[in-house]
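Shared between the two complexes below is chain A, which pairs with chain B and chain C, respectively.
Now for the complex of A and B:
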């Protein structure tokens, strides 16, 4: 009982993910700043931002539905934290696992985007509503390629459990190199999921102020921000578990270091892409995702199916 | 999806100055557009009539925070024409030099803002860092980063030393290299081209019909530049190309501005090479003889027109300013026809708007009766007295007391 609570709330649950999420946000911001020839924030800035937001008053618009408005940030945070329990972090085994947990993780990681939609919709501001519409439109563009390119390695491993996938790739080193196209596709989809440039269309500052988050303030905004940070590290952990499955079984300390390095590597790639691109328009984003990214995901699927016929009989 | 009207402004992150755009949207598509200016009226024209000519030079300089030299030069040129002053050659060259340095800082600033509007903040950070080079040069040659205060009636106030010439040449070399890099980025970076080309199209015919000026017009193939067509200052003796482009879209406007930067570097090198020796100012009379003059100046944003009428005293009878944004703002509605909401910020930014320079008048609209009326100076004065009295604040006693003291 105590162990379960410890796992849920402290390690590797909420507290660890929150701290790791804030640290990842700092890394993201400092890399972004250094690449732009700026100083960047001090190391405690994300935490200070969070404390400041939590200390502030929540303002809920009169027109908004208060229950839905308040529920959305918590739901986003819960979904992101829950997803982490099924992902093998630094061992081959996740905290919990069953056959089919891959689908559950993908589903749980979709929930934050849905809460962005509902939160924006229920705050009834025009800017929020447009942001909400854009978030849900964007969801359809990146989610399909993401699902396909993550299911492809699972097909090769012949299991729908992340822990068993990790065990399979640990048993067959260098098989992960077959999935590099899928890794690229997943990175692009992660940019869309985390609403970062070039896919920060739902919160495009110069067009619709802050999109979904326009009416959010105080604790609720703080929770949303934390949810996005946690989603970033959980998403990166998922990518690391599926596409970079190596470094398991060499002791928990070294394994932990390798896990953190893998996640930060993915965070760095995301920060780099948000430095070198301009924001796309929503129609251009749809076109790009369906014309180029989705076919690439299918290519990955075909590669894995073919390999499955050749390598594993 | 049903139609919605969203307000962009008076306060909005895309806008640097207060102005109001109301956009009718159907989904992401813009179906209607209206502009409302007048949030920043400062009464500068009227204030000019209350001050002496020399004070007005500094006041007109403050019309715009970015093209301040453009306004003060246009004003001094008009006054010098009325007073028939022969401005020394060296002064004209220094004016031209500052004008071109100002163009560089304005265009680099624009490039950064354009980057920000399309979500490309890296470009903003890079261009604004490089803009500091030219800002430093302006600060060392004139004493100020903006509002240089170098013009005076009859010439300029500061000379350029040999050491400064060396500094400027060095800075121009750095800037030229950086600008080549930005031209490279803007013409090759895929996401940037996607966001710029085909956006905010203004055909050549529409540009002529709506009277677009400056880079906005030149990007639609309107081959007009006051520097060449009606040379002022030292431009008549300098060799430069007027950049035009036939893309007719935001991409074209970016290309025109970037190429104009390259021309400015050429111009500055020529100015520093050919700058004649001699005095930098002639003494101007305090009272300007009666007359009137119109002065044109090619500001970074387009043609800037000043009209000055004098009545023989030391204060002008009338000063009228037509800032370039006023000529360009009408084109925005045309550019946004069938546009997307996402393109709105960059299309507005592409005319390089300067709304507070443009505001010349406030008209008061009664939302109930739809009547519009314009307040004159006396009306405005009595309105303000009444407004304060209604609030329980009465300055009458204080006013009498002050007047009693003065007399």
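Now for the complex of A and C:
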């Protein structure tokens, strides 16, 4: 009982993910700053932002539906934290696992986007409604390639459970190199999911103020920010578990270091693309995702199907 | 409680998010404010970020001598900001009216309309002066650490 609470709230649970998420945000921001040739924020910046937001006044617009408005940030945070329990972090086994948890994790990671949509919709301001519509439109562009390219490695491993997938790839080293196309597709989809720069169309601050989050302030905004940070870490852990499945079974300390390194590597790639690219228009993003990214995901699927016929009898 | 208050004060000092509002400036001060936010001066070192919406902002950075037409809008933007909030007047115009003082269509300074926490003179105020003024405002918050920090707006003007 106590161990379960410890797992849920402290160690691979909420507190660890929150701290790791804030650290990842710092690394993202410092890389962004250094690539722009400036100093960047000090190491405690994300923490200071969060504490300040929590201590600020919450303003709820009188037009908005207060219950939905307040519930959405907490729901986003909960879904992102819950998803982490099914992902094998540094051992081959996740905290909980059952056959089919891969699909559950993918859906849990979709919930934050839905809460952005609902939160923006229920705050009834014009800008947040536009942001909400863009968030949901964007969802249809990146979600299908993401699902296909994450299900392809599962097909090769012949299981729907993330823990069994990790065990399969640990037993067959170098099989993960077949999935590199899928890794690229998943990175692009992750940028869309986290609303990072080429795909930050829902919160494009130069066009629609702050998009979905326009009316959010204080604690609620802080929870949304934390949810995005946690989602970044959990998403990166999912990519690490599916596409970079090595370094298991060498002791938990070394495994932990390798896990952190993998996640930070993915965070660095995301920060790099944030610096390099400029924001796309929503129609350009749809076109890009459906014309180029989705076919690439299908290529990955075909490769894995063919390999399954050749390698595994 | 003392420790919590200290941490909160520290966080507020380290993370001021600003919103920039032109209250009728001749545009030179706005250009200087925007210049202060570029990588050259790198205000993110102090945790300062430019936000698009008053709901996210802690500091309202105004430039210009509040024209009669913009007064209700300025008040409205100020009221949309959550507490605690501060106002910084950038440029001689917004401090005192500057060259526009006494014109038929201006209020001669932000403090005619809103409580101001920091005045940054200069025509236009240079980015260095703006950074100096903002850091001084933050330092003055630290001095008041003992008392509960509130925006000067909380006790009605």
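Just so it is clear, the second predicted complex is superposed on the first by the 313 of 313 C-alpha atoms of A that agree within 3 Å, B and C clash if a C-alpha of one lies under 4 Å from a C-alpha of the other, contacts with A are read in each partner's own complex, and residues count from 1 in each chain.
One rule holds in what follows: contacts are C-beta pairs under 8 Å (C-beta built on N, C-alpha and C of every residue); 3 or more make two chains touch, one makes a residue touch a chain.
All figures in this text were calculated on a predicted structure; none of them were measured in a lab.
In the superposition on chain A, A:276 makes contact with chain B only, while chain C stays out of contact range.
Once the two complexes are laid over each other on the shared chain, residue contacts for A:45 go to chain C alone; chain B is not touched. When the two structures are aligned on the shared chain, A:209 is found in touch with chain B and with chain C. Once the two complexes are overlaid on the shared chain, A:197 sits against chain B while remaining clear of chain C.
Residue contacts after overlaying the shared chain place A:258 against neither chain B nor chain C. With both complexes placed on chain A, chain A has more residues touched by C than by the other of chain B and chain C.
Contact with both chain B and chain C is seen for A:36 once the two complexes are overlaid on the shared chain.
Once both structures are placed on chain A, chain A residues 36-38, 127, 205-206, 209 are touched by chain B and, in the other complex, by chain C.
Within the complex, the chain C residues that touch chain A are 7-8, 10-12, 14-15, 39-40, 42, 44-45, 47, 51-53, 55-56, 58, 80, 82-84.
Contact residues of chain A toward chain B in the complex are 35-38, 126-127, 130, 197-198, 200-201, 204-209, 275-284. Interface residues of chain B, counted against chain A in their complex, comprise 4, 6-7, 12-14, 25, 28, 115-123, 125-126, 129, 189, 191-192, 194-195, 340-345. Against chain C, in their complex, chain A makes its touches with residues 29, 33, 36-42, 44-45, 47-52, 55-59, 127, 205-206, 209-210, 213-218, 221.
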